């Protein structure tokens, strides 16, 4: 069992932003998104990021690969509510041979107000095939590096 | 944005164990529990713990209080699969005036095999009323401290 | 307890179509969307329909109103899979004073193939305020009727 | 698209009852269980029923079989709330060669009050292997018929 010590996460390269609205079915009886459901929102943003990179997650699955979550951490700064207009942002923290760390950040972007960061998370993935860690697809990491080298993103 | 540095989590007092089976609806297309759904399992264990303490979460809600998750971290050591027999264990890390940190640990407990730890998490809660942090109920923290002072738990 | 006898559902007016991709987190271990999660997809389509009408569901909630599901039925003709490109279509079956019946239909719309209907459902809603049935907002039913009178939809 | 006409569902044999409490994560912002999540509760009851029969669903999966939902209907008589003590009841409607219809009924069973039926549903399953309908396992249907012939259930 381990404990987090708060240190700034180094993000390398730009953030990719994906806009959406908070669905009703993600919200719990406290009127905010259930803490485990923020990972749905992160997933929506990550999927959009991979697609924009030109390597949709569907290509992983076509080769029998999965990006399994090995560990994660999440900070809930402010609650998200039903129908909030948000941007789920994704950036790269670290590319390993068989692992990948991504940062996700959610910003509420209401009309006529300054965006505010509501949620921050880091997910550490391992690339697996039939349960065994294997190298990340080369074409995928090439595209990731290309993204990290752009100033504001090529899209 | 912050990053975790792995350090042992200090747990104070015994672990409370709640047994259950992994429901089918928690499992995703990779045949393991979806990473955001482990928080459902933690919740089941936590609810059972509060009930066993004699302070079910229902009492919080009756006073208009919520334990909101401020941050969390989770380590997925091994995947959980459909119908796995597990123990969701809960222990206290830290009691603040308006906050509480709990550790959760899931062990797979198959018949005739040694229990293995599959998942570890720490959740940091803030006690809120109408969105504002307020002190934890005294009767609740008394019961928590009583639990922490027992050797193997009073149950 | 009641049982369905299969009769054609009469839909009045055009269908409203909302395009999306099936998220990974909706898919279960059988590689198809979990039967209870199709209601998330219906909800996405219904929300888009209400928004396009000019009466987003947020307006109901602002007046303390909810559209509660009184009953539903659903037919799963073909499974939906991860990342399928779909259209969630919504049409009006019946407008009551305090109730509303909507039909939802999902079509898979792959590139270069004919759309195929995968799922059909009917949801019967009751408009409630503090748990008591109340009339639907007049401005909402006006917009619904306007929609039903259009040939292909005004959007 | 079809529409239900309300007719009494014929249930053959006794109801199997499985007790549980409504988890917090199933409840939405309207303070009741989200309509698509009642199928989680039905599943918990159905799994317990199959296990009690002596043919847990795990045996289906061990043979590469799935019980896929072909259609369903559900009536929400009263809302279920967080922590409600309930019984999810399951009974057999019809056994086909490759299909099975089950009824589910949820009763709220508070202390010192008469049980009240809150939810009723019927699910029509098809037994499939690699996507193709196949006969139900014989040992399973035998156990089902044995159950249906008992007066109050053998358990």
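Points to keep in mind about this one:
Labels A, B, C and D are assigned to the chains in the order they are written; within every chain, residues are numbered from 1.
Everything that follows uses one rule, which is that a residue touches a chain if its C-beta (ideal position, glycine included) is under 8 Å from a C-beta of that chain, and two chains touch if they have at least 3 such contacts.
Quantities reported herein were computed from a predicted structural model and do not represent experimental measurements.
Chain centre most remote from that of chain B: C (centre = mean of CA atoms).
A repeat of the C-D interface exists among A-D, B-C or A-B. It is A-B, with more than half of its contact pairs matching by residue number. Put simply, the C-alpha centre of chain A and that of chain B have 24 angstrom between them. One simple way to say how far apart two chains are is to compare their mean CA positions; for chain A and chain D this gives 37 Å. A straight line joining the Cα centres of chain A and chain C is 29 Å long. Multi-chain contact residues of chain A (touching two or more other chains) are listed as 24-25, 34, 36, 39-40, 82. Remark: chain D residues 21, 23-25, 39-40, 43-44, 47, 56-58, 61, 82-83 touch chain B in the complex.
For chain C in complex with chain B, the touching residues are 24-25, 27-29, 31, 34, 36, 82.
Put simply, chain B touches chain A in their complex at residues 1-11, 30, 32, 34-40, 66, 68-76, 79, 93, 103, 105, 120, 122-123, 131.
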